[in-house]
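Written below as structure tokens is the structure these notes are about.
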Amino acid sequence: MLRLFRKRSDKAGLPPGTMVHMGEQRIETPRITMIDYDENHVLERQVEAPEDCLPFRDAATVTWINVHGLHQPEIIHQLGSYFGLHPLVMEDIVTTDQRPKMEDHDDYIFVVLKTLYHDQKDDEMKAHQVALVLGSNFVMSFQEAEGHVFDAVLNRIKNGVTRVRAAGADYLAYSLMDVVVDNYFALLERLAQRLDVLEDRSVMEPDPETAQAIHSFRRDLVFLRRSVLPLREAVSRLERSESKLIQQPTAVYFRDVYDHIVQVMDGLDALRDMVSPLLEVYVSSVSNKMNEVMKLLTVIGTIFLPLTFLAGVYGMNFRYFPELNWRWGYFFFWGLNLGVVVVMLAYFRKKRWF
Amino acid sequence: MLRLFRKRSDKAGLPPGTMVHMGEQRIETPRITMIDYDENHVLERQVEAPEDCLPFRDAATVTWINVHGLHQPEIIHQLGSYFGLHPLVMEDIVTTDQRPKMEDHDDYIFVVLKTLYHDQKDDEMKAHQVALVLGSNFVMSFQEAEGHVFDAVLNRIKNGVTRVRAAGADYLAYSLMDVVVDNYFALLERLAQRLDVLEDRSVMEPDPETAQAIHSFRRDLVFLRRSVLPLREAVSRLERSESKLIQQPTAVYFRDVYDHIVQVMDGLDALRDMVSPLLEVYVSSVSNKMNEVMKLLTVIGTIFLPLTFLAGVYGMNFRYFPELNWRWGYFFFWGLNLGVVVVMLAYFRKKRWF
Amino acid sequence: MLRLFRKRSDKAGLPPGTMVHMGEQRIETPRITMIDYDENHVLERQVEAPEDCLPFRDAATVTWINVHGLHQPEIIHQLGSYFGLHPLVMEDIVTTDQRPKMEDHDDYIFVVLKTLYHDQKDDEMKAHQVALVLGSNFVMSFQEAEGHVFDAVLNRIKNGVTRVRAAGADYLAYSLMDVVVDNYFALLERLAQRLDVLEDRSVMEPDPETAQAIHSFRRDLVFLRRSVLPLREAVSRLERSESKLIQQPTAVYFRDVYDHIVQVMDGLDALRDMVSPLLEVYVSSVSNKMNEVMKLLTVIGTIFLPLTFLAGVYGMNFRYFPELNWRWGYFFFWGLNLGVVVVMLAYFRKKRWF
Amino acid sequence: MLRLFRKRSDKAGLPPGTMVHMGEQRIETPRITMIDYDENHVLERQVEAPEDCLPFRDAATVTWINVHGLHQPEIIHQLGSYFGLHPLVMEDIVTTDQRPKMEDHDDYIFVVLKTLYHDQKDDEMKAHQVALVLGSNFVMSFQEAEGHVFDAVLNRIKNGVTRVRAAGADYLAYSLMDVVVDNYFALLERLAQRLDVLEDRSVMEPDPETAQAIHSFRRDLVFLRRSVLPLREAVSRLERSESKLIQQPTAVYFRDVYDHIVQVMDGLDALRDMVSPLLEVYVSSVSNKMNEVMKLLTVIGTIFLPLTFLAGVYGMNFRYFPELNWRWGYFFFWGLNLGVVVVMLAYFRKKRWF
Amino acid sequence: MLRLFRKRSDKAGLPPGTMVHMGEQRIETPRITMIDYDENHVLERQVEAPEDCLPFRDAATVTWINVHGLHQPEIIHQLGSYFGLHPLVMEDIVTTDQRPKMEDHDDYIFVVLKTLYHDQKDDEMKAHQVALVLGSNFVMSFQEAEGHVFDAVLNRIKNGVTRVRAAGADYLAYSLMDVVVDNYFALLERLAQRLDVLEDRSVMEPDPETAQAIHSFRRDLVFLRRSVLPLREAVSRLERSESKLIQQPTAVYFRDVYDHIVQVMDGLDALRDMVSPLLEVYVSSVSNKMNEVMKLLTVIGTIFLPLTFLAGVYGMNFRYFPELNWRWGYFFFWGLNLGVVVVMLAYFRKKRWF
């Protein structure tokens, strides 16, 4: 469960605003990319030092500063100071177990969200934190890991034929959130497929691995819910926001993102409703199977009981024992046995006991 | 579960407003029917090209454009452009896994709802998306499949004696939603009948198929809830709407639709309350039945134990063994056996063990 | 479950306001009774034709029109037209599976509620729909079946000594709703008694009938909840109503009805909380009992095992076999057996296994 | 369950305001005590006839009229009329199965609450109804049974050193409610102790009495919740009340009562959360114990199987049977047996089967 | 469960505001520390008598009075009187089973919260109550036990380089609450680790201790929820407070504390969602394991049945019994046995019964 609760206790007692990177170091060197564009030009470049961004702060063009890797807090701190971020915001950026949230700081809007992916190695859902800062003419995005989730937006800007080039920083922020949320649908599909498999397995192959798989499916659902649910409120507040940073035509797009999140939550709820009785189904399948085995074994045992009794009878040593001296006594015994077996099989078959 | 989560991930990363038909191709060629009417005349015709609808956009009469089949987005796009639809609305029309919703775009109201039916082949509930656009003097309806759900309304218009001819576009939109919702009641009845069968089976025939049937009943309920619940909010917003597109006398009718949806939700909740303990009932029936069998087999086994013991006794080879030499020893043995069996049967019967 | 979902699908596609009687025909001929009264006079009479009521519509006295039987919609339709009811209201009156509700139509208030009773024949709860229309000086009540629920109010009016004669139509409507709600308490008591029986049976006599009785108790609770819960909201809206049809002093009385409904809901919730773990109790009792039986049988079996083994031993044919030649060998065998049985019984008794 | 639902159905159909004492007669003769006090004097006396209270109605001092026993409705009626109570309030006072509630009747505030106690005889929680009427300078309290719950307040008034003497009628009402609520904490403690016992028993002594004790614990919780939960809302409304009957400084004290009720509800919720999985724990303990027994018996049985087989083998009558003629054959047989038993015991021990 | 419900009943009936220390005496002598500081100076000293604090009441500097140990109510009472606390507040300070809460008394804000820790001895979660009083230029903190939770803040003040020295009393109150809440994260981590262990154990080692550990985990969760949940509301009210005691820039910090509490609640909910199906998993593992054992034993038993039967057969005493006289009869018997065993093992193996 440690993915749910990253080690945070070391920080207890430190003054607020202390920037200690909370999270694993997922990338070697932090990497800062800057894209500056308006309808007519695009400029992309790797930033060496945070102060290189400074000239673009007050430019009329839209500037997107994309930071990968958060384990050198001093870089985030410098960037944050140049763009006037509150110390608590900077602390939140590097503390990567934030709940998704939206904070309106008048001069800028701060949004935390999660990119989710399925970690093949540990075979469970994992999340990376993405922090966005939307100013009047800039967007800063902070990712804790190297990722390609924003490449689609980047390409659209560079190709220059889409709406994003003509629109402002708010539309860029929307576009970034939209690609993050769109990826949730892929996870939903994968979960739905896993559920289908689990449903079949819990009826057909009810072995202990199935119980564990059901349990770990539930864990993933709990994890996803925690990553997506708070985002719903955050985006809803963005959509209804009175902030001057979000222009009227862009608000419609944020409503669309909101709709998508609601749809994802809806899907998660449906999956939860479907998975919760599955353990019961599994248990009933297990005991069904077990019962069948035990019944069959008991039936076999019951068939042998009269036979063994008969064999015992004819092993008795009574002096006056008519059958023992019959010419065909022995064969009479086997005939008797055969009769008993046939009658019992017929009876059990009729009762559908095997 | 794929009916819950249609493949949407392919679209991730595409710019918003991109119209990719999401859903199966359920019909060969898209078909557009147009009905133009007022109190005095009716005109129905098949539309060849979207531009044929253009002249009716600003006419005083009520125009109903009914589109079947959504897999040629360019047609929807043309139609949408003529009638001034927002790109996101057009995208929603062709993405057929929308949640039911209502959006007020000032010039028109956009409503998404679901027609539900029981697919005989897969033996499960399925849904088709129906999108409605209500303008001041037109209604556009988009169905992803060929369906006859609107035929009743069509006939009423053509026959011309009902209120619908005299009323405006809002009343037409209401009529279309009303027939969709009315069909939900038929589904409820069918579900209630299935539940009755399930209740009997889970007591009388608790075989594994019953468990699966209970589980798939639950799936259908989850599916229905997801299709109907959001509609409640959508219609409630329509009813309370301040939009100039909905006239005062029509609002009463939307309240009626709202009442019907509440009734359907109510029924679904009752069904859920009834089905949820059914798996428990089933499990207890299974173990009851199993227990009866095992008890009977064990009783049989227990009866043979002393008999086999007695046969063993008289097979012993002690030199001094009085009974073996009795004249009627052998018959004494059988008498003893008979006595033991009678006493045990009487005891077990008294204890009601069989 | 068909009592929960009356056949309504036949009506799908008919224009709204179409009056088709939905429900069983519970009474041969519809019967209309009219009582007209004020503080000084009472007039009761059977109405032959709806138009006989017309003169009383605008009289200063309070008029109560009580209709039994709804399967001749044309009569309801005539009455409704005389008193200015909306077509949808008339439709709701004859469609007897409405949820309880309250609608304020300015000129009149329309209330739907349910009288509940225990049907001896089918051994389950059933409901009859009662519709009330409260005008400024009249009350119309529509019952789908012949019933005596309103007789108490009728007698109070005829006896003429109670508040009802002096008060207006709103107080009459209150009185009718009050007697309906008062009857719910009798049902609660009956349910509480059934629950007491079920609790005892699920511990003492856990047979399959008990499981079914628990399940059908739950069904009745679900049914009652559905009939009473919406009424709470309806009466709450009546109490807070701004309608000029309800005078200030009467509002206190509606609050009293509201309190009663809350009390009934409260009781239903308590019953539900008590019945929901009962199936678990039942299952644990069943398996307890079964376990006792199996344990006893297994104990019996285990006692015979060493005996049979010993008999087998002394049936062996070894040439050198000391005991066989002992003088008291045979009695030694029986003594050995006795010793084994005593030791085992003592052990099992000490372990409390039987 | 009849303590939850007192017989109320007899009253169905009676006109509202009819005072029929609903509840058992818990006290022989109703007894009325009156205490009249201000900062300087106290007057306590037994009231013979209700009219004795009349002179104090308009006095400047605070008057507390305490009534024990409600089965002579005419006395309540007289008192009520002198102090101007609404007929429905008088009806509620004698109908002792009211939900806790608060009603603001402008001239007075009517509060219903419950004193709870553990009935030793029936071994279950029971409740007595206490009704309070707070006027501008008087408080009336109605208890259905002789009780000493208010003695502490009485003594404080008589001793005359506490705040209550200096404060008004509202503070007296607060004091009465405070002692009632304080008693709930004692019940919570007792319940917590019972739960501790149940938790131990359901693991250590899982006999059917434990299941019944768990079930009856749940019943008591349901009963308490129903008695306390509505009080929370009632007191919350008192605290926020705009009524001129409650002065500003006293409102703080009502908030304190409110806090206590919330704490009690909190405790009840915690108890419910703890008791709900207990039946599961019990069932798992039962089956654990049972399993151990069955496993041990089966192990014993399994050990005897090869022994009996061996004895059977050496009882065979083959003409050529080497072992039978061995000198030490018989002892070889016992050695074989010993070997088999040792190997099996070692195997079973290793598998931890006993 | 007594940690949930401290003995409070002794207090029932005492007048409100009576200060009886409710809680264990956790510390020998109460100890009062006072720190007085502003940006330029710090003064720390042990306070002998409450009146020593009096001179600092109206000083311009920030004064923090930290009290350890509450069992001498007269000291609290004196301190409280000097600083103008309401009697009910003083009562709440010494009654250490308060729910976390926030009360705005205009001149000061009263906050109750809990420090949580894991008691090694009893192996369960325990809580200490911390009460904070925030005035315009002072903060009083009351702890029932000697604890070091506030040492971090103390050191920050003494070192004098952090924001806390420059800010007012509100920031000091925030800092104290922040360290308390930060400690919750450490508890969450510990719980997450315990859950991991429980999940493994309930699949791999399903012994009764596991069931008890699951149950006690649940108890700890219930306990934590009760300690943290009310704090959320309290802090939320602090953050939104209009009180002049909390300055605008500090409100942002209280929002941060609020965010942390939400995160903790979130984590607790996730843990609850994960632990609730664990008992089911445990039960299914137990019965799985048991089933395996029983199946294996039954398989062994079933294999010996035909063997014993065969041995019985050849122990029969028929006069005409061909096999008995065969030269290799005895070996034929063993061959037969071997054949039977091989066939049965092959069959059972194929069926995967062992």
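Should a chain be cited, it is by its letter among A, B, C, D and E, assigned in written order, with residues numbered from 1 in that chain.
In this section, a residue touches a chain if its C-beta (ideal position, glycine included) is under 8 Å from a C-beta of that chain, and two chains touch if they have at least 3 such contacts.
This is a predicted model, so every value here is computed, not measured.
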Same or different residue numbers at the subunit A/subunit E copy interface, by half rule: different
Distance between the centres, which are taken as Cα means, of subunit D and subunit C, whole angstrom: 27
Mean-CA-position distance for subunit D and subunit B (Å): 43
Numbers and ranges of subunit D residues touching at least 2 other chains: 280, 283, 287, 294, 298, 301, 308, 312, 315-317, 321
Chain contact graph, described as a line, ring, star, complete graph or other shape: ring
Subunit A - residues contacting subunit B, complex: 151-152, 156, 162-164, 175, 178-179, 182-183, 185-186, 188-189, 192-193, 195-196, 199, 203, 252-253, 256, 259, 262-263, 266-267, 270-271, 273-274, 277, 280-281, 283-285, 287-288, 291, 294-295, 298-299, 301-302, 305-306, 308-309, 312-313, 315-322, 351, 353
For the subunit B and subunit A complex, residues of the former touching the latter: 1-2, 4-5, 7-9, 11-17, 86, 88, 97-99, 101, 208, 211-212, 215, 218-219, 222-223, 226, 230, 276, 279-280, 282-283, 286-287, 290, 293-294, 297-298, 300-301, 304, 307-308, 311-312, 314-317, 321, 323-325, 327-330, 333
